[in-house]
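Working notes, beginning with the structure itself.
To keep things simple, chains are lettered A, B, C and D as they appear, and every chain counts its residues starting from 1.
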Amino acid sequence: MSRELESGQRKILWVRAHMPVQRAIAARFREEQPFREHRIGMSLHLEAKTAALAVTLREGGAMLYVIESNPLATQDDVAAALAETDGITVTARRGVSEPEHKEHIERLLDTDPTLIVEDGGEVVARIAERGAPRSPSLVGLSEETTTGVEQLASLQSEGKLSIPAIAVNSARMKHLLDNRYGTGQSTWDAIMRATNLLIAGKTAAIVGYGWCGKGLAIRARGLGARVVVCEVDEIKAVEALMEGFAVAPLDRALEQADFVVTATGRPGIIAEPEIAHLKEGAVLANAGHFAFEIDRNALATKSVAMRKVREDVDAYDLPSGKTVYLLGKGELVNLSVADGHPVEIMDISFGLQALSLEHLAKHHASLEARVHPVPDEIERTVARIVLSMLSSPSQ
Amino acid sequence: MSRELESGQRKILWVRAHMPVQRAIAARFREEQPFREHRIGMSLHLEAKTAALAVTLREGGAMLYVIESNPLATQDDVAAALAETDGITVTARRGVSEPEHKEHIERLLDTDPTLIVEDGGEVVARIAERGAPRSPSLVGLSEETTTGVEQLASLQSEGKLSIPAIAVNSARMKHLLDNRYGTGQSTWDAIMRATNLLIAGKTAAIVGYGWCGKGLAIRARGLGARVVVCEVDEIKAVEALMEGFAVAPLDRALEQADFVVTATGRPGIIAEPEIAHLKEGAVLANAGHFAFEIDRNALATKSVAMRKVREDVDAYDLPSGKTVYLLGKGELVNLSVADGHPVEIMDISFGLQALSLEHLAKHHASLEARVHPVPDEIERTVARIVLSMLSSPSQ
Amino acid sequence: MSRELESGQRKILWVRAHMPVQRAIAARFREEQPFREHRIGMSLHLEAKTAALAVTLREGGAMLYVIESNPLATQDDVAAALAETDGITVTARRGVSEPEHKEHIERLLDTDPTLIVEDGGEVVARIAERGAPRSPSLVGLSEETTTGVEQLASLQSEGKLSIPAIAVNSARMKHLLDNRYGTGQSTWDAIMRATNLLIAGKTAAIVGYGWCGKGLAIRARGLGARVVVCEVDEIKAVEALMEGFAVAPLDRALEQADFVVTATGRPGIIAEPEIAHLKEGAVLANAGHFAFEIDRNALATKSVAMRKVREDVDAYDLPSGKTVYLLGKGELVNLSVADGHPVEIMDISFGLQALSLEHLAKHHASLEARVHPVPDEIERTVARIVLSMLSSPSQ
Amino acid sequence: MSRELESGQRKILWVRAHMPVQRAIAARFREEQPFREHRIGMSLHLEAKTAALAVTLREGGAMLYVIESNPLATQDDVAAALAETDGITVTARRGVSEPEHKEHIERLLDTDPTLIVEDGGEVVARIAERGAPRSPSLVGLSEETTTGVEQLASLQSEGKLSIPAIAVNSARMKHLLDNRYGTGQSTWDAIMRATNLLIAGKTAAIVGYGWCGKGLAIRARGLGARVVVCEVDEIKAVEALMEGFAVAPLDRALEQADFVVTATGRPGIIAEPEIAHLKEGAVLANAGHFAFEIDRNALATKSVAMRKVREDVDAYDLPSGKTVYLLGKGELVNLSVADGHPVEIMDISFGLQALSLEHLAKHHASLEARVHPVPDEIERTVARIVLSMLSSPSQ
């Protein structure tokens, strides 16, 4: 067996061993074969956790055609290992060009899938462009992200959504958990491994106090930092105060922050005016989805020199004589510097996905062609599996 | 000055000194006199914090007629002090009979109020019974509690709501704050003062993980207890787990709990079957609105003896030889044993009330006769005052 | 039975029900009668928890003579109830004069005790003054407080200590627990019940970061406050930082503190220069042993007016227009405003006392006439009882 | 410049940028040249933080001769970069054999050092073997570890310690900080990066509640885990309880633990009898100094199969059908899997080292040939630098 193949298989085995929701669902799927006559097109970040979802669906009887949703997120060893599975075709490679990626979408559509699971809404957008004839067998779709859900809503309002679609992202079991506990942990994991710096005794500015910000703040405190929250929504700011965090305007917070973590969803939060307020030695990291929250161009423009000082760490020397550090070039730091969400968090999301796809397979005939929430019973089923694993009878 | 009057005035002064929201609003009201031509009927728990709201409204130009919403919650010294204020008439006395209380409602309606602020929906229910002619000048109402909001919704659906009503209870600045931070703190305050027992090192079972339960759990941990959460909603139970609390079925939790605090909103949570699982020395307290969560009758029936062992603490000797303790007879423990919500929590709620009444006074003509949420701008205004007090520039 | 007697008995029953260490030791003492031929003189704060210790010793066969160590701390109902016990003589009354108190010490010595347990070292000092003939049967003494232990050390160095003495205060099971967990909890209990103010979202300045300060800080955070620690020992200050607390000079801390709690052991910590830095509305409380940490005279001198605004709360109006509040007149706030240490904390201390007295009774012949630590095995025995109660097999 | 050299220089620059204590001391040393006539022999784990200490000493005028204290801990790029510094000779290489390492010690002694700084006591042991003539100029030594301090104590008691030695390990600024905050953070950093598993909602068994165990427990809780502490010292176990952790016997803890972290200092804590109690999927990590706490041989013997499943993670399949995972082969996990202590923690330790060596250089003539503690003023100096960096005037 090739080294790459072995590496990919090992990764998939590791995550499946820690995905009790996938295992429980796959066990039932093996019996019931809900996807016996289904072809599922999958367009997701192709790494081990996603591969585990593909395996679950395959065990439910589906034929799968898998492409990458983001060419940079593909792990080739995982793709190779997944491609070994009978019934799963993989057309994904790290770093494919934009035209190649578009070509992959076309090929996926050529398989005439009955169901699609995707991340970001590109496939459904392409279907809408082409019109219905292109995928005559398609009966349903499930979507992982906010961006994709917005895409679906927009298609629906334009009257271009011809199939029922389930917005997995909006489920409570997703947004209550992955932002707070997934982003919270993995962001600080990334910061620690990138820097080897002490968190205890430091000041962490958390910019944005949405679900991500809440998770970032609670974990920063858990690691011994003093937390100062910056939040423009006054009501959220009061919540932060009541949780025991300091609340301050951004410039005041930056003056005392050893770590600055952004999670606002908005561009240019740390831009030219803010850079002047940074403390000597400040470490900047972005935990928001897009790489635009910390303005790298502004940092570069305002600096007299820029150097890579450690893997994933760039130093910017400011004219004031201060040096500040940017992690992972301002990309989503838990993915660019560490391993993304913890396995169990993705297990829960993908549990919702697997059951939502089953729901579509069974009930598509009676579902309107619009965006649907994840059925409550699916959320509860996933929650029950998590509880059965973690709240042991002995406690 | 009589001793009672002095005591009441002192209480009102103390709370006003710690109600920055009331003070800020009152300052503007004195200038703008939004209630210049209004008669406001007020039916609330008549204690010092409520009196502060009355003063705020009076400073805005209103004539007030104040009665009790719950005869047992009236503090006579506060009533006496409030009655001294020019322009405020008080008809409230601790422990009035049900017929007397109903008579007070009639008298309030006889004043032909233009606005009503109440707690529990009794006044609006009486208006609906009598029909509109009885209060010809009434233009709006604002309601403090869930119970009252449910009453309003029911009247609305029956077509019997003839005026716009604002549901203060549903505001984010109310339910995000008072249950978590108000109930959380004041319940443990009550338990400590009733028992003088150590919390650290003990196990606290929190039964129900809604907003109250979240506050109770976080404060129990903050006082050094191990927390075990009991929650029938699987998704909330997963949240409790992720927050680091143990989650267990009720019977398993009771076997290890030194403190059992209920906040489920449902009757008979601790009843005959549960009593058998209680640990020797368990302290039982109810933090839910109604006194029915811990079944006192079941406790009495299952016990071989019952004794008062300390102010607000009754011991029940069970046939097993164990003794368990019930605080405040199972009534809402922070009100029956301690001083209810902290002052600042009520300041925020009553800030929403004062501004909602002003909104009704100004805009009733353009508001439909249905239940309205607190306008977002009112929530933000209150939040901004809180922020200006607590997040000082030096931090 | 008189009302007072009943009240005292109820208090003793309540605390004994929550003193597993006393109960376990008393059970063995009843069998073994270690004090069969002993007369024990006891000079402690005479309230319910102390009475429980007296009962434990009595069950071990001792005849007891009990006086007050501090005339203001005597609870007459408890004294009355204790005096009903056969074999225990009580000569204590709340508010006796200093000459009367001294007379009580003489009477205690007149009983020719074999063992003494005391708090503060007054009795042993009187023995030293009078010389040995006065208490010919005395074979040992055990002391509860730091002050008393210092007294003993001083007598020893002067060659005036004629009996072995055990310094209970220095035991790990005492100083590791009662300052952190006892003072920590009971101080905030006192502050909440005295003020009804919200702790969450506020800033608490903890002045002094010894064991008491650590407990105060951790509980303040647990109640949702931001904590700023003031500590002159640089190493302790670094520890506070690493625990996630802010550290600041006293004047900077006072400018932002809503609550100021002193626990330094030194006089005049909050005196004239500091008063000028207090924030409007600041609540001042002292958690240190002596009433001298917050200088009441300085407060009075610097104020334009002083008023009692609530039970146990005095307001001081400063010339700047600010008003600040002092709890319990600057006395140790958990004793003056609340019920002192939680029951279980005293159970542990008094468990050490009971076993130390047994050790003296058994081994006095072989013990030198100097200050001894609590034997390690006694500490472990008490720890094992605590563990057996709190770390249930099911967890 | 070679790639290796550049990498080593970059590492040293990064850590020095985050070592304010080293920078402050080096600045003074450059002025005062306390080691102007000194040759310092250094035997430490040769990685970037140690190199920073070497640079500090060099800036104080010393000639340095640097060898490895542990052949596996040498980073060759750092060694190469350090060797470029004028005045510093480096004889260290990763993975040298035991005879080579011994040869390095001889060569260090051949330079006739005036001062020695070491980790583990090997050099001083060799001096004692050879007798004094071998290092005629040696006037003092400072030691980093517990093991080395024990070695020194043993030599002293045998009358073989011919020079004053400072036990840096015993300083409060070392043991109060590095075990709790250094080991606490870096161990969980290592576990997260090795596994990508979620900590929140899991149960972590912390085996041993010394300073390391306290740090491990507080960080586990900070990451959202439920913590169960196993500790044979009853008094420490009571402390753990009072901090809000569960306390249980080892077998009971292992049955519920998703993560098991050892920090007892004793061999074979997790050995054959314990393996049978492990939960399916348990992750085992050792945070104690030696690799003997988790018995790898026992794991291998009891397993039906063993596989590497991820970098630094070995799976052991037990006959019961369970699989458990061992991180970093049971070696000190923060060093074997992650980057060891955070930079700032080593900055503090090495600040004590630099100032202790200066103390020896200045005062050796008046210091007895025995083990000395770090002078209190040195601890305070280091603490003051830390405070000046972290407790900014604005807070």
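Quick notes on this one:
Following the convention adopted for this analysis, a residue touches a chain if its C-beta (ideal position, glycine included) is under 8 Å from a C-beta of that chain, and two chains touch if they have at least 3 such contacts.
Remember, predicted model here, so these are calculated numbers, not experimental data.
For the pair subunit C and subunit D, chains touching both partners: A, B.
Shared contacts of subunit B and subunit C, meaning chains that touch the two of them, come down to A, D. Among the pairs A-D and A-C, the greater number of C-beta contacts is found at A-D. Farthest from subunit C, judged by the mean position of CA atoms in each chain, is A. Rounded to whole angstrom units, the spacing between the C-alpha centres of subunit A and subunit C is 55. We define each chain's centre as the mean of its Cα atoms; on that basis subunit A and subunit B are separated by 41 Å. Distance between subunit A and subunit D, defined via averaged C-alpha coordinates, is recorded as 36 Å.
Looking at subunit C, residues 181, 200-201, 221, 224, 226, 238, 241-242, 246, 252, 386, 390, 394-395 sit in touch with two or more other chains.
By the touch rule above, subunit B contacts subunit C in their complex via residues 10-11, 13-15, 17-18, 181-182, 184-186, 189, 192-193, 196-203, 218-219, 221-224, 226, 252, 255-256, 258, 279, 281, 308-310, 313, 315, 323, 338-340, 342-345, 386, 390, 392, 394-395.
Across the complex, subunit C meets subunit D through its residues 172-173, 176-177, 180-181, 228, 234-235, 237-239, 241-242, 246-248, 252, 379-380, 383-384, 386-387, 390-391, 393, 395.
The touching residues of subunit A, when paired with subunit C in their complex, are 200-201, 221, 224-226, 238, 241-246, 394-395.
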